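Next, two complexes with chain A in common: one pairs it with chain B, the other with chain C.
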Partner chain A sequence: MASDREFNLIGKSPLRVDGMAKCAGQTKFADDLSMPRMLFAKLHRSPVAHAKIVGIDTSKAEAMPGVVAVLTGKSMPIPFGILPVSQDEHVLAFDKVRFIGDPVAAVAAVDEGTAYEAMLAIEVTYEELPVVLNAEQALANEAPAIHDYGDDGNVHKRVSMQFGDVEQAFEDSDEIFTDITLFGSNTHLAMEQHASLGHVAADGRVTIHSSTQTPHYLHKAACKVLELPPSRVRIIATPNGGGFGGKSDPFNHEIVVAKLSQVTNRPVKISLTREEVFQCHRGRHTVLMKSRMGMTKDGKITGIHFQSLLDGGSYGSFGVATTYYTGALQTVTYEVPTYRFDGVRAFTNKAPSGPKRGHGTPQPRFAIEVQLDKAAEKLGIDPAELRLRMIQPPESVTANWLYVNSIGLAECIEKVVEGSGWKERFGKLPRGHGLGLACSSYISGAGLPIYWNAMPHSGVQLKVDRGGGVAVFCGETEIGQGSDTVLATCVAEVLGLELLDVRVCAGDTDLTPVDLGSYSSRVTLMMGNAAIQAAERAREIIGKHAAKRMGIPGNRVVFAGNRVFDAEDPERGMSFSEAVQIAEAEQGTIGTVGSYSPPPNPGRYRGSGVGPTATYSYTAAVVEIFADEETGMIEVDKVWIAHDIGRALNRNLVIGQVEGGVYMGLGEALMEDMAYREKRRGVLKHPSMLEYKSITTHEMPEVITTLVEHPDPRGPFGAKEVGQGPLLPMMPAVANALHDALGVRVDQVPIHPDLVMKALKAKDKRAGPKKFPDLLITDTQRVKTQAEGGDGTAPRSPKEKAVQS
Partner chain B sequence: MMRLPKFTWRAPETVAEVAKILHEEGPEAKVVAGGTDLYPNMKWRVETPKTVVSLRKVEGLTGIDWRDDGSLRIGPGQTLRSLERDERIAAELPGLHTAMKSISTPLLRNMGTIGGNLCLDTRCNYYNQSYEWRRSIDFCMKCKGDTCWVAPSSPVCWAVNSSDGVPMMVALGATLRFTSADGEREVTADDLYAGEDGRAWMTRRPDEVMTDIVIPAQNGARTVYQKLRRRGTFDFPVLGVAARIVMNGAVQSVDLIIGAVGPVPVRAGKAEELLLGSTLSDETIEQAAALAQKSATPLDNTDFAFPWRRQMVPVFVKRALLEARGQV
Partner chain C sequence: MNTASSTAGRKVTMTLSVNGEDHEVAFLPEKTLLEVLREDLGLTGTKHGCELGECGACTVLMDGEPRLSCLVLTLECGGIAIETIEGMTTADGPHPLQAAFAELNAAQCGYCSPGFLMTAKALLDSDPAPSRETMKDELAGNLCRCTGYEMIYQAIDRAAAEVRGEAGHGE
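== the complex of A and B ==
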């Protein structure tokens, strides 16, 4: 197997394949693209949060010099959306608008300034409807319904499931901890603002270049709305200047430019303003949570009942999946023998929430890790020790039927405990200074695709050139995370080449086989496995003919250093290109394919599709802070973080992802706040990079990263994910450190300084939400755990049986 | 991306020409120095001058000139960076040095000028927003609307003077010199920032151009500046405390100015009275800080929860006074 030999590239840090171009300014992002006769588009967006559209007058805009076309929603009546169950968006709204920023009309003009002025000249008459601005309001008020679908009123999705007898477990517990926590919304804040360029060729075929993380899903949505067969529409994902989940939904503007280019017969580009990017959002859901956790006095969890209420904003987006994710992964870090989860996602008249780095799991992770910190204090057990006692065993099935393959969490905890001097320093630092610990876990790619199908999740194609170069084609999308480099690395490693010998062609629905996209931390694991398979097949073909030529058995052929040679006599051999030529002469043009689907999961109940993965990554972190008692402001001094990566394919890239996760997580912990002005019609409070605060290099502490490497047999060369997991422990670690520093609990993020001051003054030394509403659960899906002899299915509820008969 | 609206660009070379253009074009003309304030405002369409008059080529608007009497004349065209880097300013006017160094980012300080900083438009997070955003709230009193959303019954605008330079110049007793078609005039910083409305916070007329900033000899006064903001870079102040104290065993004179809590900097007069003649004991400092809080009433139009900003006034006044006490 690949993992027991010496590597040429794997585990080292060669320069990323797109690095020089990015440094030299050669990389063409979507907004850098330009074509002859290109027009510029602008979207007219709703200034009101909830209203019926009574009339749209585009005559003034159309009459303006330089305006070439104006579009309204009736021209594209077919709805779209990322999930098959929430096809609730229109490219341009024509019946009603649901948030401030909902696109209503589009303009194409000769330049951006003209398009902007024309956009302002469009007059829309609205009949305003009452506005719903938070999830509790939405839950309490069925009317006015923002959508005419969903579970009821403004409840988009309501789920409830139970694994084992949680109430009995609580009875048997020594302590039951009940905590209510709030995780405020924040957004991706990628440096690159979304941009797209659409054009139509003379033969009528449409191309959309776009800063998208998911060209395949955009392909599906665009074909649906434009009513064109997939063979007539091509999506080219440009390198993204950061995505973090913010570019994984198909967006209005991406389809608008295609439609406008059809109408005008000219290329049309749109580049969003930062404010529009805030309106596109799809970022972190605000989640109010209530967790009841039963424990024995020696620190074992007996059961958890977890409830979450998600503020979904105005559209479905990935929200159904997000809802399940707020309940799925609580069980994969620590042993939780019985478990119940209730979740509700509500529609509100705000920018749509969606998937942001960690997708629905940072919120519950915050709740659980803070709760554990409190439990440790109450039980008189060191927080690190408490966690070490209850780690989920490897190759096990959790109460909610998730299969855990390898787990390096214990080692992660040990590393950060050691690095930070935890044992000597926790609880003993001078007032104001504190240490906090938290752990987490994340999927290495979702076990199921967005739409049900039995095809591979990732496909890779190789073309081997007789000159010795290899072109590798894959639908993956480079969003800055380094996926192009990982792709080239996997191929180059197997074929014994240098990175520059491999040409990557990615994210192009006409040229590359489908890869589902850069989301859910799936690319390295899935694309990597597919790439290894394709490369091994090429090696097989080339090796076979080379062995014959050398007169040795096939298993003695080695590919390394751009040569193909005899393992027993390395002098005997040939260059890689010679080997290719021999093979090509023998059997014709050489090309191979590889593909990957994740292993099936044992759970077979409703909702069991969210949570499974080939293998989970694990992270532990210790954060050291200084909290100013006079102001409540928090400075993060240092972070120790250890991540169970399985195997680092490119060490610098992995450390970059870890540090990036730390950076983003600290921003969420301390300041990032997607706030709205509820009294001013629900406008976003500060849709700009100046006033939406995220941390800068000034606030970024020193980060000591340790990679825990025990190759997981399911990962490519043993690798697991790293794109999302390391963010997760940051928020609870900061909150826990605050308790160590000042003895207060802020059960809420972001931890604004006024909350710290409030907690300092409060009798219970706590700030945070106090109440959790009734989620109005009427039907709970009951699934027997493995320990109870279950088989992963849920017996059908009486209700369902009635419907069936 | 956001685009600038169309405007006519003028680039005169003398102060007289600038004054002439401003006189002829009226309030539709605006001067621009570094443009770090004006251009973003134009992109938001909160300022839409028909004519933009660049000061870059105008003679006589630069210079950091120390005079024999110990006073300092600064040309308004001097960049913030050049003031931050001036060694004599750092040594003799540490408060000014700190204020300059604390403005935004190094990139911005390379562009931004002290003249622009002292004429900075007042800010409010209902105002520094795009045209579309402001349309969603029916605009506000400072631009195109009728109501102040921060204080809906208020007849005036409460936009915040968010300059770090302004409170410091007031504390230092600086004098500003302006030229217009009518001639020249001089005004103290105290008198310049005397408006009571975020729309008219300066007594400067739109046709006047600032030509000189004169800081009188400090004769060993201690100067400090304490700034509250979210992050260590980039951010405008949401509270700035500038102090100038002459100590001779006891406090001989004191200027305690609180910035970024309203349309103009506020003098903490009661606190000054208490401090005068004191030895800056811990107790006096605590009392002065508590008194100073009464002079500042920040509202909900900047970053952070505004009751907390108010809570921070005594903390930062105390820090400023402690810093001054520690200075030699």
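== the complex of A and C ==
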């Protein structure tokens, strides 16, 4: 393990910078804000899942005392969306509605109750259209298209790519495993309901305070819809009361408060109800998957052909990226010499699916890790041993051209095998009790930005005070993961200060340099590197003048304990603030900047932008369960998890992320279920926190966490991500443990008790999907692997060649 | 509809005892305690995750007992001692639970924390050495999406030791 003796703060667990305020009730979340003369907004949402809007009558609402403004879609005709390729949302729908909950009109009134009554008084006439409620239906293309763009009918996106000769590899295999798996949708359920406050200053500038994870992208969307230059719109991301990906899209309600404040010249706030939060969704896509995996007798993968069918819900959201993510990271954990991926994302009349913790990768990870468990059984190899034999080597390029820098997966597996007593206990526990193992990997930040540009992904600005404090400015957004603390820690470590000496100003598009946002587990790595650069530049300036004053060479200057001193004679030196004053007297006001862009990725084919990262994190977990064969109920008794973090910057924060990921993953494995009533034309089945089951104190097991620390040269002080990776192995580990406990396979999550009972009764001792539809792939992009002498590009298709000539 | 939307003449005035101080407050009679605390008294430390009694984020103490303020009609609160998160910090500094929650990362996003802290305070006031099982029972009505609960138990353990006059800040 890396020594932490050289560090002052790194690797320890100092109090997080926002901790005391949060425990004192002082932190201002978006709905805690209010302004004089503030109005309250409500959205009128569609009660039908698919319909043309024939008429909207707002007259009754407008006539109500206390109602100040009513808006309909015509006032904001410009579409928006998170991805440039799917700008398919309108703030308020005006031609048609696409799911139950699609906003149609907005009201601003003097108080929330009045706004609510007025919202109910709006009358919308609909002409209902046939609804599409699952991806298979959408693929069949019998219903009218939900959107007028996409690959065809209700197919939003269809992709296919092949790396190496998979079919040949299958022929050369001793075994081919074919499995069909279903991952059901679930949602973020952040404790904080979304809220936004918009206001217009006397000079016309618009400000939106919002619980957003991505102020930069909200800025882009709001400017586009409001038709204002970016310099006239300011987004302030309030601390998020949990995000998990659910506050990463720009949302209708965030832009509507700005528009309403423009129309009324008064501040306008909106705070969504819990049911509306379910309607915002953007959570886990339901994905039906088929995986064919070729293997040799001694347990080496020869090739994988992976197919996924995603239920995208009613809008694009991050969905094109999600589609690629269901095919991208299968190759970074184990050696997969040949690989093919086909994916389809379909539009359906449900709340939009989007990015949830793990973004498109938990579903295929479930499929692959369960498949490996079955393969291990068939081949007579221990599941842990099987994985250890085929781990991807470090500093290597995968078949699909992803560059793997460091990989601590083997050590993670060894830790959980040891901790859980796997060797002595797996396969040997009394009936009903079982152990299951699974592994995973995740990106430390997406290698490419959402909008193509060549600028840094994260920028940090530093202002050094004469009084010895430092203010650090960065567009990052605190969503509970501790990004403010990481930012302050990186700066304080370099400058030898305490965390309390560093003040963080974050997530404000007027004041802070762009950081792309709290998504894709990118903040610690990207912002951390940018912060270190800014702090090192400040240290250089201050150190140079301090060295001169002390009469020593610059390389002997040390910054520690709020002092600047001589390494060879620590008594000789000065306080940090004195050093700042000397430097400022010598060369003027001191401020520095730092920035970070991820390294270029070797893949250069269509879709190669999804999957690359500076460095992958790795996780292994063993789950111990008790499964009751009378009821089908599963209790999780204990979890052992090891995470390759590179280096923990703040130990408590890292362990908190691991435990939180385990918690959320177990919920996905066992109960969290974003289900719809198909017979009732797309009504959400569990639109409340009571009906939508999540893990409480009673279901949460003990978690034994091990951090595997081998600093990765690309991470800040060697750190990798931790926010998302540890969730991933939970679902397959539970499914695998169920097999150890009762000898049944449930190839589907959530693993509801009735599925367990079904599997117990089934002849093949299995429950889960049996059929996978034809994805109607006509064109597969072929990319030569490195082993085949490829260069990361795909030969141009005949169509592209024709365009060229 | 028109009268329902008009606040004029409909407000009632009463005295609420919050964090040891009496407040004369005028509010619409249908308002819950959650709404009056947040909107009329400016005590936004109390949070809401559902406003339907399902999440525990809005927990306050009423005569020392944890209650979901989103389900309490303010009109029924006369003569009851209400405690909120804002009252937990005194001139002596933060309550040991607040310090322990912050220092042990029991508050990540911190949105559920005021509710957990109020529930935990009521627990420690009645049981200075709660077992894990007792904690799980008492906290089962408070949801947290960030922590997985473990660091919350550890924080309560530490605060309990401190309240009992043991160990203090040891980790």
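Methods note: the second predicted complex is superposed on the first by the 795 of 805 C-alpha atoms of A that agree within 3 Å, B and C clash if a C-alpha of one lies under 4 Å from a C-alpha of the other, contacts with A are read in each partner's own complex, and residues count from 1 in each chain.
One rule holds in what follows: a contact is a pair of C-beta atoms (placed from the backbone, for glycine too) under 8 Å apart; a residue touches a chain by one contact, two chains touch by 3 or more.
Remember, predicted model here, so these are calculated numbers, not experimental data.
Engineer: Once the two structures are overlaid on chain A, check if chain B and chain C clash or fit side by side.
Structural biologist: Superposition result for chain B and chain C: fit.
Engineer: Examine A:G632 and indicate which partner it touches, taking first as chain B and second as chain C; both and neither are also allowed.
Structural biologist: first
Engineer: A:E227 in the overlay: touching chain B, chain C, both, or neither? Say first, second, both or neither.
Structural biologist: Neither chain B nor chain C is touched by A:E227.
Engineer: On the A-aligned overlay, A:L653 touches which partner chain: chain B = first, chain C = second, or both, or neither?
Structural biologist: A:L653: touches chain C, not chain B.
Engineer: For A:G113, select first, second, both or neither according to whether it touches chain B, chain C, the two together, or no partner.
Structural biologist: both
Engineer: Angle at chain A between chain B and chain C: what is it in degrees to the nearest 10, using CA centres?
Structural biologist: 40
Engineer: After superposition on the shared chain, which partner residues are touched by A:M671: those of chain B (first), chain C (second), both, or neither?
Structural biologist: first
Engineer: Just chain B (first), just chain C (second), both, or neither: which does A:D203 touch?
Structural biologist: neither
Engineer: Of the two partner chains, chain B (first) and chain C (second), which one does A:K693 touch, if any: first, second, both, or neither?
Structural biologist: first
Engineer: By the touch definition at the top of the document, which applies to A:D148: first (chain B), second (chain C), both, or neither?
Structural biologist: After superposition on chain A, A:D148 lies in contact with neither partner.
Engineer: If you count the residues of chain A that each partner touches, which comes out higher, chain B or chain C?
Structural biologist: C
Engineer: For A:P47, is the partner it touches chain B (first), chain C (second), both, or none of the two (neither)?
Structural biologist: First partner only.
Engineer: With the two complexes overlaid on chain A, what is the closest approach of chain B to chain C, counting only CA atoms, in Å?
Structural biologist: Across the overlay, chain B reaches chain C at a minimum of 5 Å between C-alpha atoms.
Engineer: On chain A, what residues does chain B touch that chain C touches as well?
Structural biologist: The answer is residues 31, 113, 193, 273, 688, 690, 696-698 of chain A.
Engineer: In their shared complex, at which residues does chain A touch chain B?
Structural biologist: Going through chain A, the ones touching chain B are 31, 45, 47-48, 100, 112-113, 116, 120, 193, 271, 273, 275, 630-632, 671, 677, 680-681, 683-688, 690-691, 693, 695-699, 752-754, 757.
Engineer: Mind pulling up the chain A residues that touch chain C in the complex?
Structural biologist: Chain A residues touching chain C: 13, 15-16, 18-29, 31-32, 34, 64-67, 109-111, 113-114, 117-118, 121, 188-193, 239-244, 273-274, 479-482, 652-653, 655-656, 659-660, 662-664, 688-690, 694, 696-698, 700, 702-703.
Engineer: Report the residues of chain B in contact with chain A in the complex, numbered from low to high.
Structural biologist: Interface residues on the chain B side: 1-3, 6, 125-126, 128-133, 135-137, 149, 228, 230-235, 303-305, 307-308, 311-312, 315.
Engineer: Which chain C residues qualify as touching chain A in the complex?
Structural biologist: Counting only chain C, the residues touching chain A are 1-2, 4-7, 28, 30, 38-39, 43-52, 54-55, 57, 84-86, 88-89, 94, 97-99, 101-105, 107-114, 117, 135-137, 139-140, 142-151.
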